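Can you keep this structure in mind? I'll have questions shortly.
Letters are used for the chains, namely A, B, C and D, taken in the order the chains are written, and counting of residues starts over at 1 for each.
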Amino acid sequence: MEIKNRKLSEEQFHETRKEVLEQWPTGKEVQFQEAVRYHEQIPQNRRFPVCLENADRTGNTLLQPRAGVALVEEHIKLLQYLEEFGEADLLPTTIDSYTRHNKYDDAEKGIEESVREHRSLLNGFPAVNHGVAACRSVNESVFVPVQVRHGTPDARLLAEISLAGGFTSFEGGGISYNIPYSKNNLLEKTIRDWQYTDRLTGYYAEHDIIINREPFGPLTGTLVPPCISHSVAIVECLLAAEQGAKDITVGYGQGGNLTQDVSAMYTLKELADEYLVKSGFKDVRISTVLHQWMGGFPEDESKAFAVISWGAVAAALSKATKVIVKTPHESQGIPTKEANASGLKATRQMIDMLKEQVFPKTDEVNLEMEIIRQETRCIVDSLFTIGQGDVAEGVIRGFEAGLIDVPFAPSKYNRGKVLPVRDDDGAIRFLDFGHLPFTSDIKTFHQDKIARRAVTEHRKPNFQMVIDDIYAISKGRLVGRPR
Amino acid sequence: MEIKNRKLSEEQFHETRKEVLEQWPTGKEVQFQEAVRYHEQIPQNRRFPVCLENADRTGNTLLQPRAGVALVEEHIKLLQYLEEFGEADLLPTTIDSYTRHNKYDDAEKGIEESVREHRSLLNGFPAVNHGVAACRSVNESVFVPVQVRHGTPDARLLAEISLAGGFTSFEGGGISYNIPYSKNNLLEKTIRDWQYTDRLTGYYAEHDIIINREPFGPLTGTLVPPCISHSVAIVECLLAAEQGAKDITVGYGQGGNLTQDVSAMYTLKELADEYLVKSGFKDVRISTVLHQWMGGFPEDESKAFAVISWGAVAAALSKATKVIVKTPHESQGIPTKEANASGLKATRQMIDMLKEQVFPKTDEVNLEMEIIRQETRCIVDSLFTIGQGDVAEGVIRGFEAGLIDVPFAPSKYNRGKVLPVRDDDGAIRFLDFGHLPFTSDIKTFHQDKIARRAVTEHRKPNFQMVIDDIYAISKGRLVGRPR
Amino acid sequence: MNNTVVLGVIGSDVHSVGNRILEYALTEAGFHVVNLGVMVSQEEFIDAAVETNAAAILVSSLYGHGELDCRGLRDKCIEAGIDDIILYVGGNLVIGKTPFDEVRNRFEEMGFNRVFPPGTPPETDISFLKQDIILNE
Amino acid sequence: MNNTVVLGVIGSDVHSVGNRILEYALTEAGFHVVNLGVMVSQEEFIDAAVETNAAAILVSSLYGHGELDCRGLRDKCIEAGIDDIILYVGGNLVIGKTPFDEVRNRFEEMGFNRVFPPGTPPETDISFLKQDIILNE
C-alpha cells in the first residue's frame, strides 16, 4: 500500500464510503445531505470551532473533561451533570475500547450486560452501536459543544456516524491513534483510514460545515519529550489540512516542569502554523490544548488535586485554548460524575485565578523554546526528506527508521529505542536518542543536562532512573530521585 | 507609658515576671532553671530552629498546619494524626480565642463544656489553663517541633507556660498580634508586653536555649500589600532582636499574583537582614514563611484545593523555609483532622513536585522587588525618623500618624485610611494611600496600575471595587471584575 | 419603616472584614447602621439597641465561639424590655463544618429570628431584613 | 524452581508502560519472562504457557474491561491441560473506584490465585510469585 499526502478524490472517497457504511447496521442511518442540513441549524453555542475561536479572542482557557458510559440515557445525564455542576465549557463523548478496536459485537454485549447489571461495563460510549439519532440526542441535551474522544485506529465509521450525529469536533489521527493505541496496525493503513476521516471533515467543510479536528497530543502520556509530540501534531495537521480540514487543535501533555511546559505550548502553535503556511495552507485555524498530567497519578485524592491544579497552572500561564481535565479518581478507575466535576471545579478555580497572569518569556523559556524548535524541525524535516517531499510517506518511513519514535508505545511499528528521562530540574530529556535525527549540539545539550542530574544523584543514568521517573508523580514528586 | 526599643534589664524582667506568673494558678508551675534543663534534653528533631536551618540548607520547604482543640488528649491525637497521615514537618498548637484575650475563666468553662459534650467547644488549645506538664506531654508525644500559634495581645503568661512546657517556637508580636487581633489594646501596652515575651526568649538564649520567634506575617489576611506586612515584620524583628531573640521567621500572606508573591518573599528576608545588620544585630538567623491565601476561601472543597495548591506553588517557587497550610474546610469552620491532613497532602504533592523549580528573576520580578524595597524603606525609615531613632517609639507614633496602616484591621489604634485594591494583573496596590509616607513616584506607580484596571473594567476604582476584590477568591477568581 | 439596625461581632471575635462590608451594604441599602465593630458584648448590643430604638440587632460570629457567646441574648433583650426586637445571627457560627440545618436549629432555639450560613451575600440579608422589619411593625 | 512466566495485557487493552516495567523487574529478579505485550487474547496466553511450560500467567488489565476479558480463562487453562498453573491478575481491574475487597472477590471467583490492586510495586508481586511457585511444585 503506497500512501501519499494527496487529497482523496471525491470518487475514491465515495467508493470507500460505501464500504465503510456497511461495516455495521447503523451505517445506513447516515445521509450526508441531511446531516449537513442538521449541522446548519446547530446554534453557535454548540459549535466547537466557534467556541474555540471565542476563547482565543478573549484569552480564556476552556475546560473539558473526559466522560463516557455505555448507555445513552446515562451518558446524557453524565454530560448534563458535568455541564451544570462541573461548569464544563466543552464536553466529551469518550468512546469505549471495543468500539475503538471496531469490535462492535463486543460492544453490543457490553451494552446488554450494562442494561442487565444497571452499571456501565464499558469504559466509554459505544457511539457506532447507538447510531445517529442517539448521537443527536446526546448533542441536543446540552448547551455546549461536544467532541468525540477515543483512540480508534480505524475511526471511519465512528466519524461517519458521530458527525452525522451532530458532534462538531473529532479527536485523533492516523499516527496519534495508532502508535500509542494499538499493537499490530500498519501505519499505512491507519494513515489511509484517517485520510478518509479528514476527507470527511473536508467534505463537510466544502458544504460550509466546519468540524474541529484534534490530533491526540499526549501520545503515551508518559515522559514524552515535547519535540516528539509536536512532530506528530505537525504531521497530522498537514495530513488533515490536505484533506480539507479547516479548524485544528494541536495538543500537548503536561510534563511537569513549568518552563518546559510553557515553552512547549508557545512553540506548538507557532510550529504548526509555520509548517502549514510552508506547505501552502493559509486558512487553517490552529488552537491549542494542554492535557493535565497524563501519566500515572497518585492514589491519594488530595495529592491528585495538586497534580490537577499544577496542570491547570500550566494551561493558564501558557494561555492554552483549552485544557483537558483529570479527576481525583485518576489512579483508580473511570471517575464518578462527582469526582469528574470536582476535577473540573479545582481546575476552574485555578484557571480563573490565573486568568490575568502569564508566564514571562525569560531567557530559560527562550532557550527551551529554541531547543524545541530545533529538535522538532530536525524531525519533521527529516521526514520530508526521507519521504522525498511527501510527509505521509515520510512519516511511515520515518517510524521504520526511528527518525521519529514514541517512548513506551505499544505499536510494533514504533522502534521503541528512544528513552526519556528527567533532568535535574525535572524537564524531560533524552537518555537514549535511538535514531532521532538530531544534531550533535542538541545531543550534547541533553547529555549535559542528564549528566548534571547524575552528579546530583551519585548514580549512572540508566533504565532504573527512567523507571523512577515513571513512578515519580504517583509517588509525590517530579523527579524520581533514589531514596 | 513611654516605650523605647531598649533591652529590659534583668531586674525589670524579674519584677514583671512575678506578676505575670500570678495571673493564673498554673503560673506557679514555671521554674526557669528546671525549664532550661528540660530544654537541654530535647532532641534535635524536636527543635524548631534546628529544623528550619536544615530546611534552608537543603532547599526544602517545610509544611505546617494550624490545629488546636480544647482537651489535652484530643489535642495530642490530633497532632499525631497530622504527623502520621498529614506528613507535617512542623506542628502547631493553635490557642483558643479566650486564652488569646486572657479570659482564662471563660477558657475553663469551655474546657468543662467540651468534656461534657464530648466535642471541642473552644477554637483552640487553652495552654495556660492546661499548664506546663500538659504542654510537655504534647511536645513529647510527637517527633517534630511544635510551635505555639495564637493571636494574643498580651502573651506573657502563655509564653512562660508554653516555653517552660517545651515548645521551641512562639508566634506573634506586639504589633502583629495587636492591630489585626484586637480592638482596644494600646500599642504601648502590647509592645511592652511583647518586649517581655522576647526578653524571655532572650533569657532562654542566654542559657543556650534557642527559641524560634515568628512575627505574624499576614496581619488581617485580606489584601495586605507586601510593604505593609514587611514593615511590621522588620519592626518586630528589631524589637525581638533587641531583647535577645536569635532565631526569627518572617512571614508573608500570599496575595495571589505570582510575580508579586515571589518578589515579596525574595525581598522579605533581604530587608529583614538589611535592617537587622544596620541596627547592629549580626547573629540573628532569619528564615521565611509563606501563608497560603489568608482571606476568604471558596465554599466548594475542590475549589479550595486549587487555592491551597496555588499557595503551595508560591511557597515552592519562592523557596520559603516553611509554608502554613490551609484546608478544604477553610470557608466553613475549624477543619476535621482528615480535612487538615488533606490540605497537607495536596501541599506536599505540590511542594515536592516543584522542589527542583524556581521562579526566575525576570524584569517584572526585579521591578516588583524594587518597588517593595522602596515602599518598605519609606515606611520603616519614616518610623525611625518620627521615633527620633527609636523604632519602638516610632512605630507607635507611626500608627497614630498613619505612616503605617493595616487595611481592615479592627484596632482603634490603626488609622484604617489605607485601601488596597488589585491591579489589572491581580497584584495588590493602594487605592487610598492614607498617610503612608510614599514618594510621588511610588504613588504614580500605583495610580497607573489601578488606572489600567479601571479602563479594562469601564468603571471608577472605588470601595465597590475593593469589596469585589475581597470576595473574588471565594467566588473563584483573583480580580473582582464586575459581572 | 424603622430603619435603625445595630451591627456587631460578638464575644472575643475580631473578624472585622465582613463587618465592614455589612456596614457598607446596609448603609447603601438605606439603613441607619449603628456599627459596634468587633468584640462586642451582649450588654453592648442591648444598650445600643435600647438607646437607638433599633428595629433589629445583627450579630456576627465567625471565630467558632458563637454558641458560647450568643446564649442568653434573647433573655437579656426581654429583661431590657425589647422583647420583640428582630435578632439575626450570621457567620461561621459553630466550630467545624456542620450541616447548616443543625446550626440553624441550635440558634433558632436560642431565640434568633434568622440564622445565616457563611458566605451569605449582603443582598440576601437585606431583603429579609426589610420584610421582617415591616412585618414586625 | 520453574522460573518461566507468561506476561501480558489482556483484551483490547494497550496500556504498555506497566507491562514494560513488569518485564524488566521480573527479569532482574531472575525470571524467564515470556512477554506477550499488550492486546493479548486468552488463547494467546494459554498457547504461550503450554508452549513454554510456564509456572504462571500474569495478566494485566488496566482499561476497565478486565471483568469482561478475564471470564473463562481458568476454564480454558483446564481445557488445555494446565489446570494448576498459577494465575495472577493486576491493574485497574474494574470500571471505577471500587473497594478492593469486592474486586478481589470477583476475580478470585473467576479462578485467579492472586489479585493485585493498582499501584502494586513489582517487589510485592515478585515475592508472592516466588513463594507460590515453590508451593505449587
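Here are a few things to note about the model shown:
One rule holds for everything that comes next: a contact is a pair of C-beta atoms (placed from the backbone, for glycine too) under 8 Å apart; a residue touches a chain by one contact, two chains touch by 3 or more.
Computed from a prediction, not measured in an experiment: that's the story for all the values here.
Centres computed as Cα averages put chain A at a distance of 45 Å from chain B.
Inter-chain centre distance (chain B to chain C, centres taken as mean C-alpha positions): 30 Å.
Each chain gets one centre point, the mean of its Cα atoms, and the points for chain A and chain C are 54 Å apart. Note on chain placement: the centre of chain C and the centre of chain D lie 65 Å apart, centres being C-alpha means. None of the residues of chain D touches two or more other chains. In chain A, no residue reaches two or more other chains under the touch definition. Taken chain by chain, the contacts run in an open path, each chain touching the next and the two ends left apart. Here the chains touching each other pair up as A-B, A-D, B-C. The touching residues of chain A, when paired with chain B in their complex, are 256-259, 298, 300-303, 305-307, 309-310, 312-313, 341-350, 352-357, 360, 362-364, 424-426, 473, 476-479. Those residues of chain C lying in contact with chain B across their complex are 11-17, 20-21, 24, 37-39, 63-65, 67-68, 92, 94-98, 118-119. Listed in rising order, the residues of chain A touching chain D in the complex are 97-98, 100-101, 103, 106, 109-110, 113, 119-123, 151, 180-184, 220, 222, 295-296, 299, 329, 331-336, 339, 408-410, 463, 467, 470, 474.
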